[in-house]
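Sharing a structure below in structure tokens format, with a few things to ask.
Letters are used for the chains, namely A, B, C, D and E, taken in the order the chains are written, and counting of residues starts over at 1 for each.
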Amino acid sequence: MESARMLVFNQLETYLYLALMLFAIGLYGVLARRNLIAVLISVELILNAASINFMAFNRFLAPTPAVGQVITLFIMAVAAAEAAIALSIIVAVYRKLRSVNIEQATELRG
Amino acid sequence: MTEHLASFPVLSCMLLAPPLGLFVLLFLKEEQQFLIRVVSLVAAGISFALSIYTFAAYDQKLGGLQFVEKYEWVKTFGITYFVGVEGMNAPLLLLTGIVIFTGVLTMWELQDRVKEYFIFQLALVTGVFGVFMSYDMFFFFLFYEIAVVPMYILILIWGSTRKIYAAMKLTLYLMAGSGLIIPGILLLYASSGIFTFDMVRLHAVQFAPWVQKLTFVMMYLGFGVLAGVWPFHTWSPVGHVAAPTAVSMLHAGVLMKLGSFAILRVAMYLCPQGFQYWAQLMGLLAATGIVYGVFVGLAQTDLKYVIGYSSVSHMGIVGLGLATGTVDGLNGAVFQMFAHGVMTALFFSAVGFIYDRTHTRDIHELGGFSKIMPVASAFFITAALCGAGVPGMASFWAELLVLVAAVKVFTVRGLFAIAALVIGALFALRVVQNTFFNEPNPKFIHYEDVSPFLGLPRMILIGFMIFFGIFPQVMVGLIKTSIIPFIQGL
Amino acid sequence: MGSVNPFFLGCTLSLVLSLSAFGLIMIFTWRRPKLSLAISLTVSTICLIIAWLTFIKLSALKEPLILSVDWMMSDQIRVPFGFLLDPTSLLMFVIVATISWLIQLYSIGYMAGDSGFGRYYAFLSLFALSMLGLVISSGLLQLYICWELVGLSSYLLIGFWYEKFSASEAGKKAFVVTRFGDIGFFMGLAFLVLNFGTLDIHSINSAAMSKAFPAWLLTPAALLIFCGIMGKSAQFPIHVWLPDAMEGPTPVSALLHSATMVAAGMYLLTRLFPFFSCSPTAMTVILTICTITLLLSSTIGMVATDIKQVWAYSTISQLGFMGMGLAAAGLTGGYLFAGFYHLTTHAGFKALLFLCAGVFIHHFHTNDFFVMSAKGGRRLLIPMVTVTIGALALAGIFPFSGFFSKEAILAELWNLPNKMWLGLGLLGAFLTAYYTFRVIFVLLFPRPQAVGGGHGVEEEHGHGHGQEEEHGVPWVMAVPLIILAGFTCVLGFLQAPIQKFLLGEVHHHAPNYVLLVSAVGCALGGIGMAWLDWGAKGAKWEGFIRKVPVVENFFIQKWYMDHFWRWFLNTVIYGLFSRTFTYNDRRVVDGGVDAVAFGTIGSGRLLSFIQTAFLQLNLLFMVLVLGGIGIYLLMGR
Amino acid sequence: MNMMLFGPELYFLGMALVLFFLSLQRRVRVEQTYYVALWLSVGGVVLAGWCLFQEGELFFKAYKVDLFSQIFKAALAVGLFLVLMISRNLAHVEERCHPEFYLFLTTCTLGMMMLVSSVELLTIYVSLELSSYSLYILVPLRRGDDIDTEAGIKYLFIGAVSSGFMLFGLSYIFGATHTTYLAEIMPKMGQLIQNPIGVVGLLLALAGFFFKVSVFPFHFWAPDVYQGAANQVTTFIATASKAAAVAMLLRFAALGASFGYSFAEALVVLSIASMTLGNLVAIIQKDFKRMLAYSSIAHAGYILMGVLTMKEAGYISAIYYALAYLFMNFSVFLVIHEVASDGRDLKIPELAGLWYRSPLLTMTLILGIFALAGVPPSIGFTGKLLLFTSAMSSGYFWLVLIGAVNGTISLYFYLRVVYHAYFLEPGPRPKIHLSWPSRLLNYGVCGIIIGFGVFPDRIVELAKVAARLVL
Amino acid sequence: MNWLISLITPVGLASGAFIMVVAMTLLGALIAVAARNIFHNVLGLALCLIGVAGLFLYLNSPFVALMEILIYVGAICIAICFAIMLSAPMYLPLPPRHPLKILGALAGAGLVFAFLALLTKKTTWAAASVRSDDWSITTIGHYLLTDYVLIFEVISLLLVVAMLGAVVTARGGRGSS
């Protein structure tokens, strides 16, 4: 039992750091990518990072293991909705600018 | 301080007459100019009459706060509607009444956007009345701001000479003052432990010395901006120059008094230790202002600039009186507020009349106006003489009290202030000579003199000035009733 | 104050009436000359009657009558309103009332047709009010107030013809310069009231007599108050306003120079004589200043060509003379009589001289007595006779009033241990006689061909009645001349009664023959000198002083005092202080405010660069701030 | 279950349904749709007012109906109604999209209503996203200038990142307290004083609301969206959405009460940064809506002053101010709408001569602007002063000082608006004729701004009761 | 040798598989953000999401893992693919990367990572005192219909709104297309 707890996939921190890395990678993508769709993908990564967190807490700390799973499910739904809206707006942007490069959208400043 | 409740809400009526008039004006048409003027005059007249009534009916034997009205306003934050009259604000209410009434009459000939003009002017006056009668810091500050902000529009639209710059500068400068006042007021509120804005109750609280020192200096600077305390005075000449006649009258005549009155009423009253701590600085700034104002005024060529700087100097006298912290000094300071108010109103109304005709205020261009408009000139000269501290005018007594008290408390500064009287005389007479004496400028020779109707407001002002010049005890005796307990409370 | 004392009632009445005359005329009737004149003259006559009645009734007064009610009471400062009726004030009361009545009478003729006739009478009423109030006031503060009002009314009257630049300038100068002295006065009052507690004249005098004042209080207070006297009585170095003050109508000059404005200063010195005499230091200073004034003005009088200016400088010199007399008396423990007596006599003959000058000016429309002489000034009989009488009095020739009063002053000077003062006084007497008779001789012995020294002296006023040529002297102008000439002749012989009235007893001195001879000698010498220079057949019509052109020029330039003050005003006040302060106000103070404002706007512009158009830069900023705050929060834990 | 408890939400759900069906029509009847939406929103206001004093808990304690939430629901209903009042002329939205426009406004309102009642993390998150998504769609609905989609995409991504942070924070809170119910989190937060997870998790979780209220540094969307979105949408974002976000800010910040200053410190920094940045940058703006965006950033800073006290007085004033802000901001947008009736972006100089073109609008504008600037006698002045008072009572002297100085700075650009509207000559611009409902609306808004500014007692007392419920 | 043997123990196998899952996740994520071709990004995302699903398996939740694959990999990624095809032509040359921007992004992401890592490190995580071990799907369903019933309803509304929104937004834009 003791050794089981020591196992790397049996430790909360592993998942937390993992989620964190995913979060940071996603954040990097949001900050660095010009392609709006890539930015959207990065946002999905961020949401997944949060899901992992929830699931990890659910697994290791929460009194009832169902709550975290439910939350993760909802996050997925929200992410889907978000993706739908974002994609539709991206398409609209493309129609306007003939490009999905966010750096082309520079009308608003100051 | 004892409080005597009012049987009839005199003060509220005085306060509400202008906004009521304002409300009526909202529903009048721009074309109905005469009606608009009459409504404004009636509103101002009611306040004026009531202010005279309170001045006369105040029972000096009884003393304390009279005509008190007090209602809970916002209980949670300790805000009360608390108005009253005592010796130190009765003269100022009277002053406001005089100046607004004469101000409306002075602007009788206004043609441009009449309705809006009177709306804003009445709004402003409401604020002024409110400040003078409020004994609750919340309302005090509320009215204070009401009095300050309409100035922006009044100057902007009906003003002259660099009005855009001046209006913005004036408003921002004064609001920057408010930026210091709010924390000051709130610091008192918060550190009182009783969470009330009621000044009379706050007065009973012993604030910690650091609170008093901090609050006092913030309020002094904040209100001092409005009071034209050197070196925060620069808005005042610029603003006065730009403002239309009645607004200059109100502004220099009444609004600047708000600042000095507030220093007295709020800062000194609530933070006596703070006052003791900063009194030296106050005296220094005030004396500097007195000397500085006259010297700078000496170099001006615009009539209104001259008056503006004379206001700086005269308000310095008020400040010096306050700084002495003696009964004489405070009596003199309050008296000077009144006297200077009437005097400056007269100044501006005389200048305004001439400016409206000639469209110039340059003293080199004008000249010989005594020949062209003897009556208008006489008004100005009277005001100038009053400004020079000639006896027989109200301001003489005030200056006398302040200066003697100042010599006692701050000898050197007091002597400097006295010495500035010469320059003050030179200053006033230089303007009078250049503008009203010598050969008349042929360009202006065909202008007509003040009509009796338009002369009326000026006569009222002169009348008050001379009445209190000959019977100063009427004023001093009244002021004294509240100053003596005030000083004992310090 | 149980029952109302009729005298006080009278005093109050005269003040109130004068004030109401002023007010009525200024507000209602200033456009109507006749009505204004009626009001003013009636009031003036009533005042005259009251003054004389009071004077006569109270002539046997033992104790001074004092009335004092509170005018304004603050805490420590209380200003009483009241009257102090004692011989000094009563005498002055009468003088003032009389002279101002005469002047009002005279002005009917002089000012006839002037567009500001009503206004003129209003100002005269104000002048009378302030002077009467000054004279009979019981407290120094009330005195100061009236003192200032005197300054005000003199300002108004001197600048009466305000269209003329010189007139308005002169009015301003008079007001400001006397104000300059007044601040000293005011400081002195503040000093006294703060350290002594009251400004009641009677108690100050009695306290001074009983040595209740310490010296440190007494001397500065006395000197500060003397500053005011210097201003009003035109003593060196702030005498410069008085010669210019002739820009006003001549009756006004007469009023100013005889009984009112300038006399007020010496009156105050007399009034506080016991107080002043307790401080030898102060008295010495006063003596010095008065002596300098005497010599200065006499020398300038020698070269002036404007008749009014000559009289003006003579006034200054005589005021210096009075001051010398009072100071000498104070130093030797004497009495105030001599100086005050000279004040009295001087009031009479100086008013006379000015009014005569006024007649000439009125007639010839010039101020230059050389021109008058050329135009036949001596043909005007009444003024010519009376002016000669006045001149004789001024020169100190027996039996005119000036002789007696000058004699009394020289007697006081004689008593001083240092005889230098006496010598200087005699020199002054000599010069006085010289320049006085310079005028008289020029008028009497005209030489039309020699006119040329008086160019540049303008006609006093050319409007109103310049076109109508009047012949002879109207009676309203002649009567005052005759009355005043009568006074001048008589007053000298009333020395003893006046002394008795003032001091309660007559101090008989053994006649000092040395002094008498030297004084008369000086006067006659002066006249003789004038005769040699101007009167005699072979006279060159130029002053003996022309032999030393440098000195003459120095005198013509009035000792450069005007230049000095002009320089002081232009360079120091306007040039240095005013300009520096203005620059400071525009650039430093106001510039600082504007700098703050622009700085705010600028920082707004700077901060707006954060809001780039690039989404990701914004997001980066957001993330960095969030991360920064987060790490900051974690640091402490 | 008392239906009245869930009444307003159900009503708006129904309203959304009606609008949904309207949007399915082949031909859109613009007028008809508008009036349906408007009258339905009137019903919503009535119902929300009716339900003001409902109390209870729903959905297994995930949903709490109390005075606090009901006040904000009423405010939201009013906000929707006001926005619909000025939506009669949707010049910049394609006609066939009108039903959808109303629909998304309704769903957004619904989302926010749920938001203010939610007391469970997930519910809060989803309700927040519901309202946000509706707005994300509304922003690019505008047509005309090319800035709408740009604004939309920026809005969306800043929102997405913010909600990512929020979600991450929520996960930490969940991990630290093992529950998603605010009522259970609250006591557990007290045990986390030594554990940084409490403060930091809360701060991260607040990111989503900061985004909504446009607090620095989550403000970047505001200027772009205010400028880019249709005027009506901007109005909605600036008024109703702000109020709801403030409500949630209050609920959430209450969790941090036990951390005291260490938590408030961060908020103080954000508050100061918000108001300073907002006011300074607003000075140089030329586009009116963009300027208002910066002003809203500054106001977020002010509101934060009340929030960060985490005391009753502060909450009262924050509630008061949020309600006040709704009205005063609306009054300005009302003017924008009337002046720019073709739906264009209004540059400040275009206000020139408004005093001549329509005195009534000028009055509304001045009152609104003065209220925003905190000039009495207006609701804005009273609100600001109450905020300052409560902050000072909690000992934040410097914060109040800076806030007061900021008030001065802000006056500069507000007065510039007044300057343009009141001083400049109209030039060739014609007079503006207002319809009678619009006039009525003007008077009503002016009345509210002054009336509740001078007589704040009633609202303060309500807010007091409400504040006690969340603390 | 020892570690090889340990690999074939159940625990070792599990660990090995875990490392693979983690590697898949991170690799996928890196591809998703770093690859220049947008399709590679999507594929990277899919890979990453499958990895995440694997992680969910390790976290005792096969149901969520399944949903993850269904919803994310199945729905979202496909939707993204559609969007890609609707928008940018693939053959266009890509503008060069901006090194400063990359650096900034790295700094931002790094700072947040540092901050949250610090937080995770400093926090002591306490498990709930009483923990149920009811991992059944039934319970999840139960929860969905009791505690989270409101969300359950709201989420449907949310999806409707999103769909409608997508339709409205994408519907021809401003008519010109």
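Definition applied: contacts are C-beta pairs under 8 Å (C-beta built on N, C-alpha and C of every residue); 3 or more make two chains touch, one makes a residue touch a chain.
Since the structure is predicted, the reported quantities are computational estimates derived from the model, not experimental observations.
S.K.: Quick one: which chains contact chain A and chain C both?
M.R.: D, E
S.K.: In the chain contact graph, what is the shortest path length, in steps, from chain C to chain E?
M.R.: Steps on the shortest route: 1.
S.K.: On a CA-centroid basis, which chain has its centre farthest from chain E's?
M.R.: Looking at centroid distances, C is the chain farthest away.
S.K.: So using the touch definition from the top, which pair is joined by more C-beta contacts, A-E or C-D?
M.R.: A-E
S.K.: Could you give the separation in Å between the centres of chain A and chain B, each centre being the mean of its C-alpha atoms?
M.R.: 65
S.K.: Could you work out how far the Cα centre of chain D sits from that of chain E, in whole Å?
M.R.: Computed from C-alpha means, the inter-chain centre distance equals 32 Å.
S.K.: Mind checking the centre-to-centre distance between chain B and chain D? Centres are C-alpha means, answer in whole Å.
M.R.: Measuring from centre to centre gives 41 Å for this pair.
S.K.: Please work out the Cα centroid separation of chain B and chain E, and write it as a whole number of Å.
M.R.: 70
S.K.: Could you list which residues of chain D touch at least two other chains?
M.R.: In chain D, residues 122, 126, 129, 133, 136-137, 140, 153-154, 157, 161, 168, 172, 175, 178, 196, 200, 223, 281, 284, 412 touch at least two other chains, as defined above.
S.K.: Pull out every residue in chain C that's touching 2 or more other chains.
M.R.: Residues 597, 608, 611, 615-616, 619-620, 623, 626, 630, 634, 637 of chain C each touch two or more of the other chains.
S.K.: Would you pick out the residues of chain B that each touch at least 2 other chains?
M.R.: Chain B, residues with two or more chain partners: 172.
S.K.: Give every touching pair of chains, nothing left out.
M.R.: In this structure, the chains touch in these pairs: A-C, A-D, A-E, B-C, B-D, C-D, C-E, D-E.
S.K.: Please name which positions on chain C make contact with chain E in the complex.
M.R.: 616-617, 619-620, 623-624, 626-628, 630-631, 634, 637
S.K.: Spell out the residues on chain C that touch chain B in their complex, using ranges where they run on.
M.R.: These residues of chain C touch chain B: 26-27, 70-77, 79, 141, 144-146, 148-149, 152, 155, 159, 162-165, 167-169, 171-172, 175-176, 179-180, 182-183, 186-187, 189-191, 193-194, 573-574, 577-579, 581-582, 585, 589-590, 593-594, 597.
S.K.: Which positions of chain D touch chain B when the two form their complex?
M.R.: Counting only chain D, the residues touching chain B are 313, 316, 355, 359, 366, 370, 375-377, 381-382, 385-386, 388-389, 392-393, 395, 397, 400-401, 404-408, 411-412, 415, 418-419, 422-423, 456-457, 460-461, 464.
S.K.: Where on chain B does chain D make contact in their complex?
M.R.: 72-77, 113, 116, 138, 141-143, 145-146, 149, 152-153, 156-157, 164, 167-168, 171-172, 175-176, 178-183, 186-187, 189-190, 195
S.K.: Taking the complex as given, what residues does chain A use to touch chain E?
M.R.: Checking each residue of chain A against chain E gives 3-4, 7-9, 12-13, 15-18, 20-35, 37-38, 40-42, 44-45, 48, 51-52, 55-56, 58-67, 69-70, 72-74, 76-85, 87-92, 94-96, 99-101.
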